[in-house]
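As written, the chains take the letters A, B, C, D, E, F, G and H, and residue 1 is the first residue of each chain.
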Amino acid sequence: MNPDKLKEMLTDLRDGRLSVEQSIERLKHLPFEDIGIAMIDHHRSLRQGAAEVIFGEGKSVSQLINIVTRMQQRDSNILVTRLNSEKAEDLLALFPAGEYDTDGRTFTLLQSPIVPRGRGSIAIVAAGTSDLPVAREATVTARMLGHQVEEIVDVGVAGLHRLLARTESLQRAAVVIVVAGMEGALPSVVGGLVSAPVIAVPTSIGYGAAFNGIAALLGMLNSCASGLTVVNIDNGFGAAFAAHRINLQENS
Amino acid sequence: MNPDKLKEMLTDLRDGRLSVEQSIERLKHLPFEDIGIAMIDHHRSLRQGAAEVIFGEGKSVSQLINIVTRMQQRDSNILVTRLNSEKAEDLLALFPAGEYDTDGRTFTLLQSPIVPRGRGSIAIVAAGTSDLPVAREATVTARMLGHQVEEIVDVGVAGLHRLLARTESLQRAAVVIVVAGMEGALPSVVGGLVSAPVIAVPTSIGYGAAFNGIAALLGMLNSCASGLTVVNIDNGFGAAFAAHRINLQENS
Amino acid sequence: MNPDKLKEMLTDLRDGRLSVEQSIERLKHLPFEDIGIAMIDHHRSLRQGAAEVIFGEGKSVSQLINIVTRMQQRDSNILVTRLNSEKAEDLLALFPAGEYDTDGRTFTLLQSPIVPRGRGSIAIVAAGTSDLPVAREATVTARMLGHQVEEIVDVGVAGLHRLLARTESLQRAAVVIVVAGMEGALPSVVGGLVSAPVIAVPTSIGYGAAFNGIAALLGMLNSCASGLTVVNIDNGFGAAFAAHRINLQENS
Amino acid sequence: MNPDKLKEMLTDLRDGRLSVEQSIERLKHLPFEDIGIAMIDHHRSLRQGAAEVIFGEGKSVSQLINIVTRMQQRDSNILVTRLNSEKAEDLLALFPAGEYDTDGRTFTLLQSPIVPRGRGSIAIVAAGTSDLPVAREATVTARMLGHQVEEIVDVGVAGLHRLLARTESLQRAAVVIVVAGMEGALPSVVGGLVSAPVIAVPTSIGYGAAFNGIAALLGMLNSCASGLTVVNIDNGFGAAFAAHRINLQENS
Amino acid sequence: MNPDKLKEMLTDLRDGRLSVEQSIERLKHLPFEDIGIAMIDHHRSLRQGAAEVIFGEGKSVSQLINIVTRMQQRDSNILVTRLNSEKAEDLLALFPAGEYDTDGRTFTLLQSPIVPRGRGSIAIVAAGTSDLPVAREATVTARMLGHQVEEIVDVGVAGLHRLLARTESLQRAAVVIVVAGMEGALPSVVGGLVSAPVIAVPTSIGYGAAFNGIAALLGMLNSCASGLTVVNIDNGFGAAFAAHRINLQENS
Amino acid sequence: MNPDKLKEMLTDLRDGRLSVEQSIERLKHLPFEDIGIAMIDHHRSLRQGAAEVIFGEGKSVSQLINIVTRMQQRDSNILVTRLNSEKAEDLLALFPAGEYDTDGRTFTLLQSPIVPRGRGSIAIVAAGTSDLPVAREATVTARMLGHQVEEIVDVGVAGLHRLLARTESLQRAAVVIVVAGMEGALPSVVGGLVSAPVIAVPTSIGYGAAFNGIAALLGMLNSCASGLTVVNIDNGFGAAFAAHRINLQENS
Amino acid sequence: MNPDKLKEMLTDLRDGRLSVEQSIERLKHLPFEDIGIAMIDHHRSLRQGAAEVIFGEGKSVSQLINIVTRMQQRDSNILVTRLNSEKAEDLLALFPAGEYDTDGRTFTLLQSPIVPRGRGSIAIVAAGTSDLPVAREATVTARMLGHQVEEIVDVGVAGLHRLLARTESLQRAAVVIVVAGMEGALPSVVGGLVSAPVIAVPTSIGYGAAFNGIAALLGMLNSCASGLTVVNIDNGFGAAFAAHRINLQENS
Amino acid sequence: MNPDKLKEMLTDLRDGRLSVEQSIERLKHLPFEDIGIAMIDHHRSLRQGAAEVIFGEGKSVSQLINIVTRMQQRDSNILVTRLNSEKAEDLLALFPAGEYDTDGRTFTLLQSPIVPRGRGSIAIVAAGTSDLPVAREATVTARMLGHQVEEIVDVGVAGLHRLLARTESLQRAAVVIVVAGMEGALPSVVGGLVSAPVIAVPTSIGYGAAFNGIAALLGMLNSCASGLTVVNIDNGFGAAFAAHRINLQENS
């Protein structure tokens, strides 16, 4: 429609229905997307066929219901992250087709089948069972965005044999997400085992000088394994979205 | 050789020159790589045809000469990062075929042509001219690893039109590295303009409450653009290596 | 009255009812305002015709009722900030003419019409809907102080087109307040779009390495846009008051 | 010129020398400023008749000479900030018409008289003599941007009488910049004395737990005086530019 | 008793009931206070005639009752600090002669009149009403230790005239305790007004970048007024005890 | 003179040479000290007969010479702190009567005998020999201000017997200054040994997680010994000045 | 079983049922523990005859019941740490043979007598009664691991005589754990009294600038006593486990 | 001598040459060591037959020469740590029998053979070659204290196979010291491989968010391997001394 609108205006100019001055004036005041720069808002297209995402924390139940209802009318698949179980119950009552993942604290509502979009699978590794909620948020997100996921849990560096036993799974993945709290050492070890992109997610797991994830965050930023990248503390969603950007890539 | 050694041992067992017990004992004490797990050391293979990398900071000239000489004998392409100009002069005197990039503080020595390996090109964006050294380290690294690079400089968020004028270049890249100091806002804006993976590199540029890159680092970790990932402050090499992991990927 | 008191004393001296020594003694012990330096307490005059302000956080309902009652007797317009909804209900029961803004957590009680005092309008921009409470506190404060406000919400830097579509509104304002959490990048972009004074307000929105607003605060202090100024985290009131100081200014 | 270029293109379309499709294509690829959005780059116009600004720190003498020469050819007035005395000598040798302020570490080169632009004067207050360099950077900047400045030095809060003796000067100013290190308390006191906008500049003066200006910065952000705003540590230039934004304002 | 015990032992030695070797053995194993070094435990004597102090925070009601009961049997005057109102009610039910100060969160139980011990009075200054609880803890503590206290409240630096009107009171005091949150600037100003010792107490009052008292703490440590000393955040008790050490001093 | 000036003005009023209005006008514009509030500037009187103090760090030799010369003409005793040995040599060349303390980095110039002013002596305790410079700065300052000092060095808490052997000296002092780096534990132990005021000075001695004195500073602020007070890191001068305020006190 | 599996495979090779190539392939894919590297998982053996440990914090009651039940079936002795009293009641209802330590917040369930394993006893010292919970967690852990423990409580450095009276107990221990909050000075003093290994445990006890144990942690890391080691804040379990590693040691 | 002195005094009492009162008085004033508590100064005995240690950093050459000379006269073995090469040359010129370790920056002077004292050997592991200086300081220290050391270098976690190949060496040691910078992950992995005590030493190696060792320090404090202990950043000496305390232990 917008390119049409621009075309229409230029046609009007060509055909003498608009003066040059009027055209200039209109060009100045058109919203940017109206003059063909709508590709800036890539988000919509990116998520098409995948999911609309809502950050659930800090939103009231009624706000959430409003948003989900509106999205439902657009036939979108819907992902709500950081949703506690109380709010989830309210949503499930209204949207019985939805699903709530207790570990990942995610609510999902599918209205059309998820179209597979990844070039390979995403391995999501959690150092300990306490890191599972963050890993699960990544898992649900990645799946809603159309990717195949393999979860690998409880392979902390203090018991190397458990990790090494999973080497093959790790080396098979197109992207690896590593979720770890405490000292955050696991991504360094994984980074040495695979040549695929590794995204490290620090978690706020730990106590005392873990400082709610700062220790893990610093550990990951300073990894001796080359080419790791890091997302914010507990940001399972962000890691999955980064993996989505990577795994989505056609040759370009 | 190592697989040979293992094969030899197993043959000895098959042929009765070793007992089962002796074989078990030997398996236990062989270095890991000797029993075929050399794929753990993927680094070598990763870099093959690309470059060996030396972190130059804190190494003396004589240490550097030793290492470069040894690598030269292996016919490797060589990349020395974080090399100040004084040491560089000493290296250039001994290895006149080498090249020193003053901005990126990198020394490179090519002994065989770089084999192109990337699926697409890597865009490396620097917010200001002060961020150029870190961006250049990324550029040189990425090129040594076999990737095509497009550098985009001086497109800070306070002058949006300069950045928007480069939108097309950004959207063409397979991976985007964004280097910025001060408030580190550029990756957020770029992350909204492209759907490719975006790797953010905070720099120590700025003063006062920039805290040598902490402000930029925190800004990037907390980006409102989904799916950015971050590397350590001033870590141009790390960003390029992460882009290498991404751009290298075959369908897997 | 106070200048009168000073005048009276000096007249007494002139007329011989006081000795020089007695005058000196009195001068020493008069409160400062009694000798004509009452302009030090500019606060009162500043707010006259505007509003008396009470910081509601940490005050009990009974304390609040006492203060509001006393101010009501002085016929002041009253603004209570940082008031949670429970306390607000108690206040509204007693002062039914008051109004409570749920988003901004402000209670206002008008006893006389607000006198318009600004030279221009104040644009108050919020990066995301989560930043709205802080922006709204600024809005209510600015209006109570006699200024015209335009609120612009949900224009974060990861979706530039939404912001750019509002450029004209921004450029029309006499002062711009920009409220943002997470990486706090919005003020940098706005600072490049307008030539008016820009006041940046970091919010505690975000998680993990947002550190309750530190990331946004540092981002704003290190903005690459020249001439931004910053107030404390979540300090919507302070930003509005700073805008009031700016917008109030007659040529002086 | 640019609007001309746009006009020319649209005229070509009107007159049949360009098709509608060609026009759309050109519109997409013109630099933004070419299609009338040049107001985004307000910086140039802002500074016109005032000064071009170069951040001198970290730039080599030859880089500085290049930039100054280029600007000189545009007949701009030029301000170089953060310039140490060694580089200044080199610049003065080449540009003998320039002036170097040793305290403020600024180099200025006037090619046309500065046009006065402020509505009122700017008071620049330094708590101690050690804060003078930062205050002087603000002073020189403000003057280059066309404002009248009054400097008030050595009025720290531990000797209140010195400050109070300057009350009248402070109350006369249209904008007040307060520069202070150590505990950064001076802006709070000044903020209580004047009703004009107050911009606080923390300096890195102090030792031990002053943490290079963090103590002063935090003090200023937490001021009990309403409506102070703060800039980065040692950012005299930024404070002056913010004052410029304020003092420049016509009724709008 | 202990000195007696030592004396008895030495007498036994002198009189032949103990050998030299036995005496040495006993000396080695006697608790230190038994051999006359009881002055190490000056705390008891210091507080004699004054008060026994219990830190109430984190102690259960039953623990508190036990301790108070035991002290009551020793006829001590008793001070419980950091006691919330719920626990206070339980204590008051059992010890109806006690008194609870709601502001200072202190419980006191007098069993003998407090002996005045100070050389002069202690002025306790609170910047704002929010700082009152900490100031009041100091007041109650100082009075229990036998000192005369004058409280001065709500004299923040943004309204200097209120403070200056109290100059005389401040200059009369033998020791001044200044309690302030937010930017913690008040002690600097007071330190310039008096020549007596000034003890600064930062409070956790403030929000955002006040960081629960860190801003005030740093402000006070970096005061430009010479010879201020500082205690921990919210440590009204500690400030009063330090004032007690100072005010107690006989010429020595 | 100033009181005379005020008296003269009031006499002029009484005698009809000034009108009441003129008197009011003059009162407004007289510097504060002119109307009898000169006691605000207690610093001068405090130091009279003692010493003028100059902070030497960051001042050039020529600036120092200027200041010292001016003070010399007023016949003041002079103390320059934080003076490195190079500058000291220049000062000694010009002021051969001066003395430089290499450890404390202080320069002193006596022009009249120091008048003893303390009620008792000041004990200055240094945990290790590395803490000596800060302790010595305190010693020289205290002596210049007229106090008797006893230095006690190398009595760290890991070798308690050395400290305990000095118990008597400590208990004799009217004020105790304790200087310690690393973990800063010494003041806690000393605070348990004496009942006099204890001023703790953290030093920047230590490495790694000593963080240039932060560890010691935090240790001292959190001391389990009641009634310690703390000054800034390495602030030997400040500790001595605080001790001066305490030890100076007459009954008041 | 695993060594058997390896043996079986090698036997098959020897006997011609497997080719050399097949053997190599199998070796590559066997989990590590299957080829005799099970000694990596020393944890199990370490704890054998001692206790299985569960970190109770953040686990739900049903999760805890599951785990304890499974361990109970293996006849392990069980230790649950960081268990609040509510969950403890639920566990005690199901496992009435268990014991809950209210101070240490530990639940223990013995199924076989604890085998004594230490070479000497472990002294566990708590500076104050508030540090007791952490000390008690260490005590219970150490006892479950087979060590003899002596608890020494309330011997803070501000009352040295209480500590010195326990010197003999301290010097008798094979390992000393010192638990302290606030300034964390106690380990330094203890480290000077004993020659045995000293493990310091900072606690989160304290307020204000104690920063939840950071002050104590830094104090301990910077101890002037040689050869102290430190564990995480409040990590009584970790300290006991470290002591276990030390005390377990046979001559090796 | 001291016990003799005490004995003599008690004998004097027994024999009537001293009264009971005189004895008490003397007991009070004897230095502690004079009454048999000289064991407090265990340091001397600990190091006997081993080495006297001097912290070389911050000491001048002449100070060092004085100290070494004095120790030489006592026939001690001498260890100077943190000695740069310039000072080392001066020491070597005067004490040609000494040895300087360039890597570890230690100077040692043997005057008698080192008596072996350890129960087992100490493994000292360095993650990378950059960590070698700290590891070497530990090695030299441990050897001077009489222990056998095995150094294992360049076994970082990103190349696990190198570490795993050294498993046997690690499991043979009585104590393991692990030295690592960057993310500090190595001790976690080693802690899972051995059951002996593991002492982790963070180094200041790394850049950006390594924050001079803070990242490694936090990583180690938060290790998921049970029972690690940590020393200060770069504190090789401290780690060796802690290992000495552990390895020295006889059954006690």
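Keep this in mind: a residue touches a chain if its C-beta (ideal position, glycine included) is under 8 Å from a C-beta of that chain, and two chains touch if they have at least 3 such contacts.
Since the model is a prediction, treat every value here as computed from it, not as a measurement.
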item: Any chain that touches subunit G and subunit C; value: A, B, E, F
item: Minimal step count in the chain contact network, subunit B to subunit F; value: 2
item: Contacts common to subunit A and subunit E (chain labels); value: C, D, G, H
item: Gap in Å, rounded to a whole number, between the CA centres of subunit H and subunit C; value: 59
item: Subunit E and subunit F: spacing of chain centres that average the CA atoms, whole Å; value: 25
item: Separation of subunit A from subunit C, taking each centre as the mean of its C-alpha atoms, in whole Å; value: 39
item: Two or more partner chains touched - positions in subunit C; value: 37, 40, 43, 159-160, 164, 192-193, 208-210, 214, 217, 221-222, 226, 232-233
item: Pairwise chain contacts, counting only pairs that touch as defined; value: A-B, A-C, A-D, A-G, A-H, B-C, B-D, B-G, B-H, C-D, C-E, C-F, D-E, D-F, E-F, E-G, E-H, F-G, F-H, G-H
item: Complex contact set, residues of subunit F against subunit D; value: 29, 31-33, 37-38, 40-41, 43, 57-58, 202, 204, 213-214, 217, 232-235
item: Touching residues on subunit C, where the partner in the complex is subunit A; value: 130, 159-161, 164-165, 168, 207-210
item: Contacting residues of subunit D [partner subunit E, same complex]; value: 127-128, 156-160, 164, 182-185, 188-189, 191-193, 206, 208-211, 214-216, 218-226
item: Subunit H residues within the subunit G interface of the complex; value: 37, 39-40, 42-43, 45-46, 53, 119-120, 167, 171-174, 192-199, 217, 221-222, 226-233, 237-239, 241-242, 244-246, 248-249, 251-252
item: Subunit A residues touching subunit D - in the complex, by the definition given at the top; value: 3, 6-7, 10-11, 13-14, 16, 20, 23-24, 27-28, 35-37
